[in-house]
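In the two complexes that follow, subunit A is the common piece, with subunit B as its partner first and subunit C second.
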Partner chain A sequence: MLLFATRRFGLALLILIVAVTAMFLMIRAVPGDPVQIMLGPRATPELQARLTAELALDQPIWKQLLIFYGNLMQGDLGIDVFSGRSVTEIVFQQLPHTLWLILSSITWSAALGIALGAYAAAHPNTLIDRVTAAISVSFVAAPAFVVALLSLLIFAVNLQWFPAIGAGEGFWGRLNHLVLPAFAIGLSWVGYIARLVRASMLEVMGESHIRTARAFGINERRVVMVYALRIAILPVVTVIGVGMGFLLSSAVFAEIVFARPGLGKLVIDSITTRNYPIVMGSVLISTGLFVVSTALADLINAWLDPRARTAI
Partner chain B sequence: MTDTLLEIDRLSVDYETARGDLKALRDISFDIRKGEIVGIVGESGCGKSTLISSILRLTAPNTRFRQGEVRFKGQDLLQLPERKMRDLRGADISIVFQDPMQTHNPVLSIGQQMLDIQHRSKASKAEKRARAAQMLGAVGIPDPEARLDQFPHEFSGGMRQRIAIAMALMSEPDLLIADEPTTALDATLEVQIIERLQELQQEFNCAILFISHHLGVIAELCDRVVVMYAGAVVESGEVREIFHDPKHPYTRRLIDCDPGHIKERARVLPTIPGEVPDLANLPGGCIFRDRCDLATARCVEVPPLAKLKEGHHAACWLNHKEAAE
Partner chain C sequence: MKRKSWQRNGLKPFRAGFCELILREDTMKIEWTKAPVGRRKFLKGATALGAAAALPGSLASRAFAADDGVLRVRAYGDAQNMDPAHSVGVVEEEVHASIYNKLIQYKPGREWDWQLDAAAMIEQADPTHVKFALRDDIGFTNGFGAMTAEDVKFSFERIIADATESPNKPDMGPLSHVEVTGEREGTIVLNEPFAPLWSIALPYITGNIVSKAAVEAAGGRIGADPVAESGPYLRASWEPKAKTTLKRNPDWKGEAPAWDTIEILPIDDENTAEIAFEAGELDFTRVSLGSVERYRAGVPNGGTLLEYPSLYYAWLGMNLDHPKLQNKKLRQAIQHAIDVPTVLEAAYFGAVEPSTGIIAPGLAGNRANSLIPPQADFEKAAALLAESGETNVTLKLDTLNKTTFTTAAQVIQATLAQIGITVEVNVLESGAFWASADNEDLQLVLNRYSMTPDPYYATSWFTTEQVGHWNWERFSNEEFDKIHADAYQETDLVKRGEMYQRAQDLMEESGAYRFLTHEATPVIHSAKVVPALRPDGLALLRYFGKA
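After this line comes the complex of A and B, so read on.
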């Protein structure tokens, strides 16, 4: 298990390096002189030359890359052009908001989706199964930004159950502000996970080892919850791990609609003001988040399924 | 009758399908006495699996019990409430399934699974574990204590089947059902498993219902044999009787087709021409009539399973001059 974890995170690091290098090169390939954009059209040539040297833009591209990685090792993602503050500091200030949003969304939707799917699989082709199917499919079909706008309108404006905008203060305030955005992002995942668990569960319930467990008189609840669900859950873990990328992009919608601070809002704001160091920093952190979450998903799978431990 | 353990009495089972009722078992009757090994032999699709899942009542949802009883120690299992039935499974009646590669849960350790099936025992976890290790030792798994922590995929097929046997015998059941336990294994392993089963049967003194299409294994292991064809019993009796003096043409052909029985080098292996009849659309009369080269006009009527002598029954009109009735 330890060996598997080491190897898996080694692979994650490799993926991260490739992704970050590609991103670095892509940003450099964008036409236009970054210095001119940053300083504006009325900057003096001396000022331009100084900034170019500071950002090492006069160096060959491989040297720029080395400098970039050198800074990255020290946790330095560059300097915000407008405020002069460290990008690392700005990004890490926003990161917890997004992280909480994503984690709470996936937690409630996975819990509900797994329960619904397992229940539907245990009672196939009954009325409850059909109702669950209809609800699931309509949940999947609802885009996060539509759900976000509608829930804002209904629960925050009309019913006034939850606050409409911001991140809130204190634990309960933050939690209260989290409800609507987490609902909006998680809703389609409930349906998706429920369908996935149902299909996977039905397949596992048909396997011979389930018949063996029953033939030994093990009670049906344990057969479903331990013998079948532990296997049926494996594809769900993988999907959630990969789904972190989608969640990050739906978080952008939710953060804009609910005017929440967070990585998504930071990226959008920085793109409109062409604040490239911040865009770069945020994207880099998001990439890191994605790579780590897929590695974690593999690790959880390996913990659940001994057969997966020998892979890689 | 006091030493009868299991009685199958005129059991008929259908599967409801879109094509109509599939008559999987028709009028099956036989019994198993305490400590006896009874073999069931027949080709694929003859209803062997339906029979054992009916005994354990682990049937598919479209199964319909049309008539008959399955009496275990005098109690009709088909009438038992599910809770009572579950108390029997893995306690009084155990089963070893066909495919050892699929029979264990792949994500739980062998030890965990062997602990789980002792759910009725009041013993402590350590005691249950010791019992599991002892059973693994009894079926010849070396270093059982350490191997309890391993997962099914870390064992070979032969070992997994021996583990399945260990699990089935752990509760010291009165009846062990073995559903083609050696079919998925190669010949040398088959001999090992059979020998192990024989030893364990002596030790635990349980009755075994042994299902196989391998006649050699049946002859080696069993006291009595039930020959099934297309969902019906065509012949039953003592092993010596059946193999030396088969009274049903199907049994005779089955023995002729057994590769272990063929002495001369043949270009073409013998087969039984024709196909098993469609169980959803049964022809009238004797079910073997279409494939039987001895069929007569009388075969349009269904022959009864008649007693020919003590411990030998067959369902064929050809025996009716010598039949004792």
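After this line comes the complex of A and C, so read on.
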């Protein structure tokens, strides 16, 4: 297990380096003079020259990359051009908002998705199963931005149950402000997880240990909820790990539509203004999040299922 | 050898897949191979967590209730820098204008005017000297004492100092220095007359007075946090990308502001801001032009729609240096073939008026009419095209990737097709678009510049000196350059206006410009607010009142 974990995190580090390097090169391939865009039309030539030198934009790309990684090794992500604040401080100020959004989305969608999937699997080919399937597929098919806007209009404007914008203050305030965005980006995951659990459950229900459990006369509900679901839930762990990446991208529009702070909005704003230090800091952290979450999902899977340890 | 729990209990394992099924006589349990307790606990915990999350909480209550004394307004960006010398525009100025003081401030209303702020007296002694006396009741926070003429001198002179590298230096124009003649008296000395001193330099970004002692103690530069404030409000907190909170300054001796607290929420998307307003979470916001018609029929929650003109100017430009656009008759044909009302109806939902140039109504130099009427004259355009001798004309039109501009570009594409000119619309992301000065193949461009309330600011981007920077049409005209250089020194308003009108005639006569609109600033406010707005609809937060 230790060897597996070592290899998995080694791979994660490699993925992180490749992704960050790719982003570094891509942002520099975008047309437009970043210094001119960052500083605006009225910046003095002296200021433009100083910023160009500070960001090492007058150096060849390979050298810029080396400088970036050199600074990174020292924990230095640079300074924001506009506010003069440390990029690390800015990124880590936004990170909790995105993390809470992602975690709350995946938590509620996993809980409901598992329940729906298990219920459908326990009643295969019945009307309930078909209705559950229809609901699940509808959830998967519902575009998140449409759900976001509709939920805003219904629950924030008409019913005024939940706030429309912002991140809130205090624990309950923040939780309250999470409801609609988490609902919007988690809804399609409900359907996806439900279908996954149903398929997995049906497979497990055919296993011999379930037959044995039934032969022992154990209550069917207990067979489904305890013996079958515990095994069938395993693929969900992997899906959630990979899903973190998708949820990170969904968080971008949620942060815009719900005017929430967060990493996604920070990245979009920074790319538009060519604020390279912030872009790279945000990309590093969000890529790191994705890589670590998938690695953790693999480790949990390997922990739960020893056969998975040979995968790497 | 350590025995497993089921072995100690005398049970036998039954292998099933990757788990071991432990059979017990009274009940049956599934245990996994290796670390059985940890995995089970994990799965139990995960299931419990999921179930807990699925439970309906007690959150379905009214999410938000507006508190009296708190004014919530929307800004389109986040105010990140508290140094007026490095302010990047309106978003930061909204905060600066509330926490700092200027000698004079813009006066809320429909016409451009100013009123005294930190100055008890200010007068133009002669064309290059402005005398002022400060009020004696304004102090800085954090123990930095009363505001003095030394603070004014320091604030203005640091804007023009090379070491400050202020992008706002041009706003101070030909400022030479400030003479301190008393503790609270001084004279602003200009190298030459500068009319925009009263419309831009003093009442806008560069006019903010900071504490000399505080800034010097901070090493000469203010960052994300103010080092000392003096205005009717203090910046109480800033949550980046989330909220800036202003609180009433307890030591403010001037007229008390109406609101205890102002929350400025950075909301980029106007549609989101509209939803937030309708949900009761905002008291004041600019709205999209597409929503104006709906709000004209009624603003929810007893709110009010106010429609203000804007100072922005949008136009179609033609690159005079491009080989395809050397023929003036062709350029004139394009000018006459663009039907401005149709463009505005499609792209701006008919909520804006056609413009006559780059200087908006209300400012000196605004033209009552453009040389070419806004309506297209296809017959004249076709005749001009025939006279030009150009055939099979195909041109590229660059535009920003915003719906308004892409729609306008498509309408222009359609109207130019009527006289046989083929237009390819090239949609660009903002970074690439604003780098168009470097684009040698730039042909037609749909553009929009922001503006301050003085015509000097508008003409400054179209001088020969700006070719290769912001003068993308590469328009170069000696008379225009001279007007720009002379007009800002002209203190006779009528004469000055005529000069700028002539400058716009020259632009239009070159055939490089088809002026479209100054856009508009529609805003909505809740019933509890009496907004205080500049004539272009921008908020002067410190003057906002209660209904």
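Following the convention adopted for this analysis, the second predicted complex is superposed on the first by the 269 of 312 C-alpha atoms of A that agree within 3 Å, B and C clash if a C-alpha of one lies under 4 Å from a C-alpha of the other, contacts with A are read in each partner's own complex, and residues count from 1 in each chain.
Simple rule for what comes next: a contact is a pair of C-beta atoms (placed from the backbone, for glycine too) under 8 Å apart; a residue touches a chain by one contact, two chains touch by 3 or more.
Remember, predicted model here, so these are calculated numbers, not experimental data.
Visitor: Count the residues of subunit A touched by subunit B and by subunit C, then name the partner with the higher count.
Guide: Counted on subunit A, the partner with more touching residues turns out to be C.
Visitor: Looking at the overlay, what does A:Gly40 touch: subunit B (first), subunit C (second), both, or neither?
Guide: In the superposition, A:Gly40 touches subunit C alone.
Visitor: What is the contact status of A:Ala215 with respect to subunit B (first) and subunit C (second): first, second, both, or neither?
Guide: first
Visitor: In the superposed arrangement, which partner chain does A:Leu304 touch: subunit B (first), subunit C (second), both, or neither?
Guide: In the superposed model, A:Leu304 contacts both subunit B and subunit C.
Visitor: With both complexes superposed on chain A, which partner does A:Gln74 reach: first (subunit B), second (subunit C), both or neither?
Guide: neither
Visitor: In the superposed arrangement, what residues of subunit A touch both subunit B and subunit C?
Guide: Residues common to the subunit A contacts of subunit C and of subunit B are 207-209, 212-213, 216, 218, 226-227, 230-231, 304-307, listed in rising order.
Visitor: With touch defined as at the start, can you tell me which subunit B residues reach subunit A in the complex?
Guide: Per the stated touch rule, the residues are 56, 58, 86-91, 94-95, 97, 99, 102-109, 116-117, 119-120, 151, 153, 164, 167.
Visitor: Along subunit A, where are the residues that touch subunit C in the complex?
Guide: 30-34, 36-37, 39-44, 46-47, 50, 80, 82-85, 90, 93-94, 97, 104, 107-108, 110-112, 114-115, 149, 152-153, 156-157, 160-167, 172, 175-177, 179, 207-209, 212-213, 216, 218, 226-227, 229-231, 233, 256-262, 265-266, 269, 271-274, 300, 303-307
Visitor: Sort out for me which residues of subunit A touch subunit B in the complex.
Guide: Where subunit A meets subunit B, its residues are 207-209, 211-219, 222, 226-227, 230-231, 304-307.
Visitor: Could you list, by residue number, the parts of subunit C that touch subunit A in their complex?
Guide: Answer in residue numbers: 14, 16-19, 21, 28, 30, 32-35, 38-39, 42-43, 46-47, 49-54, 57, 59-64, 80-81, 88, 162, 165-170, 221, 223-224, 239-243, 265-269, 272-273, 275-276, 278-282, 429-432, 434-435, 438, 461, 469-470.
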